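Alright, structures below, take your time with them.
Here chain A shows up in two complexes: once beside chain B, once beside chain C.
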Partner chain A sequence: MLSTLYALLFYTASVLMVVGLALKIRKYARTPAPLKIPTTPAPTTRGGVVLRMAREVVFFESLFKSNKWIWLFGYLFHVGLLLVLLRHFRYFTNPVWWWVELIQPFGVYASFAMVAGLAGLWARRFLVERIRYISSPSDHLMLALLLAIGLSGMTMKFAAQTDIVAVKVFFLGLMRFQINELPMHLPLLVHLGLVAILMIIFPISKLLHVPGLFFSPSRNQVDNSRDKRHLAPWAAELEK
Partner chain B sequence: MVPLDDDSKKNDVRGPTGHPLEIPRLACGAMADLESYHAKPAHNEPLGFPGELIDDWKEVAIAKIGELASKNRAFQVYLDACVKCGACTDKCHYFLGTGDPKNMPVARQDLLRSVYRRYYTFAGKNFPWLVGARDLTREVLDEWYNYYHQCSQCRRCSVFCPYGIDTAEISMAAREILDTVGQGQKYCNEIIAKVKDVGNNLGLNPKALRATLEDLEEDLEEETGISVRLPLDEKGADILLITPSADFFAEPHIEGLLGYAKVFHAAGVSWTISSYASEAANFGMFIGSYENMREVSLRIRKAAQDLGVKRIVFGECGHAWRVAYSFLNTLAGPFDFLDQNYPIPQHILEFTHAEIEKGTLNFDKSRNDEYRMTYHDSCNVARGSRMGDKPGGQFEIPRAVLKAVCNNYFDMDRDTIKESTVCCGGGGGLLTDELMDLRTKGASPRMKALQQVTEDHGVTHMAAICAICKTQFSKVMPKFGYEMDSVLSVHQLVSNAIILDGQQTADDTSEAEE
Partner chain C sequence: MKRLLVLVALLVGFLGTPVLADGLGPVIPKATGEAHPEGNLFMRINHMNLMKHDRDETVLKGDREISHSLKACIDCHVVNGDDGEPVSVKSEKHFCVVCHEFAAVKVDCFQCHNSKPQITTEALLKPELADANDIATYLKEAEE
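So, the complex of A and B:
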């Protein structure tokens, strides 16, 4: 019964996340940027822009320039999350890919970095007057959600282990449209429920910073306005 | 004699000299009541906006948010992407100067983002309390007016945002929404109306302009003993100079104009000013109006065509150079009728720098020895444009020219120059007397950085390449212990140092030569 419920939950969450994100990305892609507004100094070539974006995505370059504490906590969290996510591929692949095997030990301990980063970010929302001022309930809840996902996951790894083989059978089954038995284990049910919630709110929350970064004109535009004329379709209409 | 003695410092608005970027405690509501003068119908209507607040302002404003989000990717993405990380919270000079939390970039964005969320997002429509969404009310509209006219659109926050969110884009959009419902700002809209009518921000007609330029030619002849021209409306000239109209009447701007004239003279090029497009400034950018910005830009295109010039060169003006460098090709291009061997448009500093590299200009640097200089990077030049071929040329070229004409040059604190430069406090349509309190407070980070180099290196003067910066500093510097003429045009220093062929040199400098 609960297995069916979770199966439906994950199907729904996956569809909402994928379709929601696709719609948002389509909207960003289709909305014209009427003017050249890269924050200068900016690269003068496409290749340069790719490098600039890569530095933003991989190193959080602008954030590093801005505030070392936010960078440290944000970076710990994001890198930790990335490793943890990659580690989770083992529950969706059979046989497990070699590089997923390789990062297993790092992925396990990355959860500590992830949780430490989240705790640091959340502490700043209380301790730093300016950040307290700009925080909405949803900003706190987002951190609570991610922290709860991290901690429930760590509980299963380091304290109350779940029947991980059965969990893998459940998810491999879902990928083939079969519903297998999910272990009735509280930390697991909490973990999976919260992950589904995170997936559902992804396209309607500030998690849109993930696709948003790639569409940010101040970062992704080439500084070549004198050499190449840039004209939005609606602006071209004005010239007729 | 700069800075003034200690007694006068006691009356300064500044506190004890601190770090330029020292973060204040929050002072909620400190600037809530600061309201710049509203535009009258006569200012709004020529721009295509309703004269005063329309009856269905709420519906129109909400619809305008949606329209702008669909026409401008930056606005749409920036409304969605912010995670409230707080990286920008200490980056705005107005926040640093006032402590008002609504002058923190993210909080300023949220004034509009909260309304966008209420009407355009699932979470905001259904759970407004959760995501800080709120209804659009008259109070909110008034709050927009006051706080979006406390942003100089300098883009400093966008440098430090992990997603490049640019508060200037939000502030421009907010002002366009306000204009659309009849809540324009007098300072900006009156000026744009004047440009459309007469051709410049001052409303200086061609006859007066010609008389001014003739007077300046006489001054130049008196100073140098040779004829240095300031041509107006001369068909067939090679270069059309587009410069801020402040260069025709205000100090130290005018000294810069004389500098351009001397450089053109020494370079042996023919040039002209246009009475039809006698303005580099384009306040259409400040109010976020593509249509108005385009209309003002098209005057430049028409002037260039009518006069049959081959090149367009812009004088010293910050936001004008952003519009020229980044937008002119979009708004008024393509410029296929101009000489493609030169950048279109070109900055006067690019021109002067190229002449220095070629070795065509003779300088006596000692003529600027009375000055110990630093340089204020104007925000729009620094973060919204470029000079030369390489990224960062907008920082290197002005410094290279300054060092070619001055012996004593010192940079201010690294965190307050180049791409991290702090705004003069008067840009973005805020250079109006009723905002003087904000302008003074907003200038304090820059002034503290200046005080540091005054203490460390005995710096006496600061050069700038923006008409707004120059006017703003000459107004606020006295409040920080400097004389009002402590801000100089870069081309004023060029003008001081340049020795033209056949020029008589003043007696008191002859000893310094050789």
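So, the complex of A and C:
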């Protein structure tokens, strides 16, 4: 019964996340950028922009330049989350890809980095007067949600283990439209329930900074306004 | 929103179709001895904790009269290969490997421990093995 409920929950959450994200990305892609506003010093070539964006995505360059300790917590969290997510591929692939097998132990340590980063970022929202003033409930809720997901996952790794073979059979089954028995294990049900909630609210939350980063005019524009006139298509219409 | 509802409806429709034959999980080999009093599910979830706990009992406290020894696991959960001999952890058929490969969990035990049942002293003293050639072969294998 609960297995079916969780299966339906994950199907719904997946559809909402994929469709919601696609709609949001379409909206971002269609939003006009009427002005040339790259933050200078900015690259003057397309290749330079790609490189700058890559540094932004991989190293969080802007954040590093503006605030070292926020960068440290943010980076700890994001890199930890990345490794933990990659580690979870073992539940969806059979046979497990070799590199997923290779990073399993790193993913375990990464969970500590992830939780430490989240704790630091959440402390920032309480301890820094200026940040506390501008923090909205959603800022706190997203941190609480991610922290709860991380801690419930770590509970299953370090304290109350679950039957992971059955968990994998459940998810392999979902990918083949077949509902198998999910272990009735509280930390697992909490973990999966929170992940489904995260997937559902992803397209309407601040987590949209993931696709949003690539559409930031101040980061994705070439600084060539002195060589080429910047003319948005809709503005060109007006000039006719 | 309408499109979204149609998609969800389509997916739920899929769920109504007959379930494919299951068998997504690993095929776990049958053991040779008595069933665990704690039950299979308990052992599936907790075997590593039991073995680690008993390892500490043995290594740190010197207690060898432990309830969950790796040796007993290996003896009872023996799987024979095509040649009728017990397979080692290098084989995909090995009891531990079947699930550990499925879940991508590395087994460190057998870097030191034997993954096959030990040949006991009594077995070595059996007349059919007490042949000089057999012993020589056994010793050679043991060296490798």
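As a convention for this text, the second predicted complex is superposed on the first by the 240 of 240 C-alpha atoms of A that agree within 3 Å, B and C clash if a C-alpha of one lies under 4 Å from a C-alpha of the other, contacts with A are read in each partner's own complex, and residues count from 1 in each chain.
Please note the rule applied: a residue touches a chain if its C-beta (ideal position, glycine included) is under 8 Å from a C-beta of that chain, and two chains touch if they have at least 3 such contacts.
Quantities reported herein were computed from a predicted structural model and do not represent experimental measurements.
Engineer: Sharing chain A, do chain B and chain C clash or fit in the superposition?
Structural biologist: fit
Engineer: Using the superposition on chain A described above, determine whether A:131 touches chain B (first), chain C (second), both, or neither.
Structural biologist: It touches chain B, and chain C stays clear.
Engineer: With the two structures laid over each other on chain A, which partner does A:226 touch: chain B (first), chain C (second), both, or neither?
Structural biologist: After superposing on A, A:226 lies in contact with chain B but is clear of chain C.
Engineer: Under the stated touch criterion, which partner chain does A:172 make contact with: chain B (first), chain C (second), both, or neither?
Structural biologist: second
Engineer: Is A:19 in contact with chain B, with chain C, with both, or with neither (first, second, both, neither)?
Structural biologist: second
Engineer: Which partner does A:164 contact after superposing on A: first (chain B), second (chain C), both, neither?
Structural biologist: It touches chain C, and chain B stays clear.
Engineer: If you count the residues of chain A that each partner touches, which comes out higher, chain B or chain C?
Structural biologist: After superposing on chain A, more of chain A is contacted by B.
Engineer: Classify the contacts of A:51 with the two partner chains as first (chain B alone), second (chain C alone), both, or neither.
Structural biologist: A:51 contacts neither chain B nor chain C.
Engineer: Between the C-alpha centres of chain B and chain C, what angle is opened at the C-alpha centre of chain A, expressed to the nearest 10°?
Structural biologist: Vertex chain A, arms to chain B and chain C: 160 degrees.
Engineer: So after superposition, what is the minimum Cα distance from chain B to chain C, given in Å?
Structural biologist: Nearest C-alpha atoms of the two chains are 12 Å apart.
Engineer: Of the residues on chain A, which ones does chain B touch that chain C also touches?
Structural biologist: Common interface on chain A, chain B vs chain C: nothing in common.
Engineer: Considering the complex alone, what residue numbers of chain A touch chain C?
Structural biologist: Residues of chain A touching chain C: 7-8, 11-12, 15-16, 19, 90, 94-96, 100-101, 104-105, 161-166, 168-169, 172-173, 176-180.
Engineer: If you look only at chain A, which of its residues touch chain B in the complex?
Structural biologist: Chain A residues touching chain B: 24, 27-28, 31-37, 39-44, 56, 60, 62-63, 65-67, 70, 74, 121, 124, 128-131, 133-139, 141, 201, 204-206, 208-209, 212-213, 215-219, 223, 225-226, 228-232, 234-235, 238.
Engineer: Any idea which chain C residues touch chain A in the complex?
Structural biologist: 3-4, 7-8, 11-12, 14-15, 17, 19-20, 22, 24-26, 41, 44-46, 48-49, 99, 101-106
Engineer: In their shared complex, at which residues does chain B touch chain A?
Structural biologist: Within the complex, chain B touches chain A at residues 23, 25-26, 69-74, 76-78, 80-91, 101, 104, 106-107, 110, 121-123, 129-132, 155, 158-166, 169, 290-291, 294, 325-327, 329-330, 333-334, 343-345, 382-386, 389-392, 394-395, 419.
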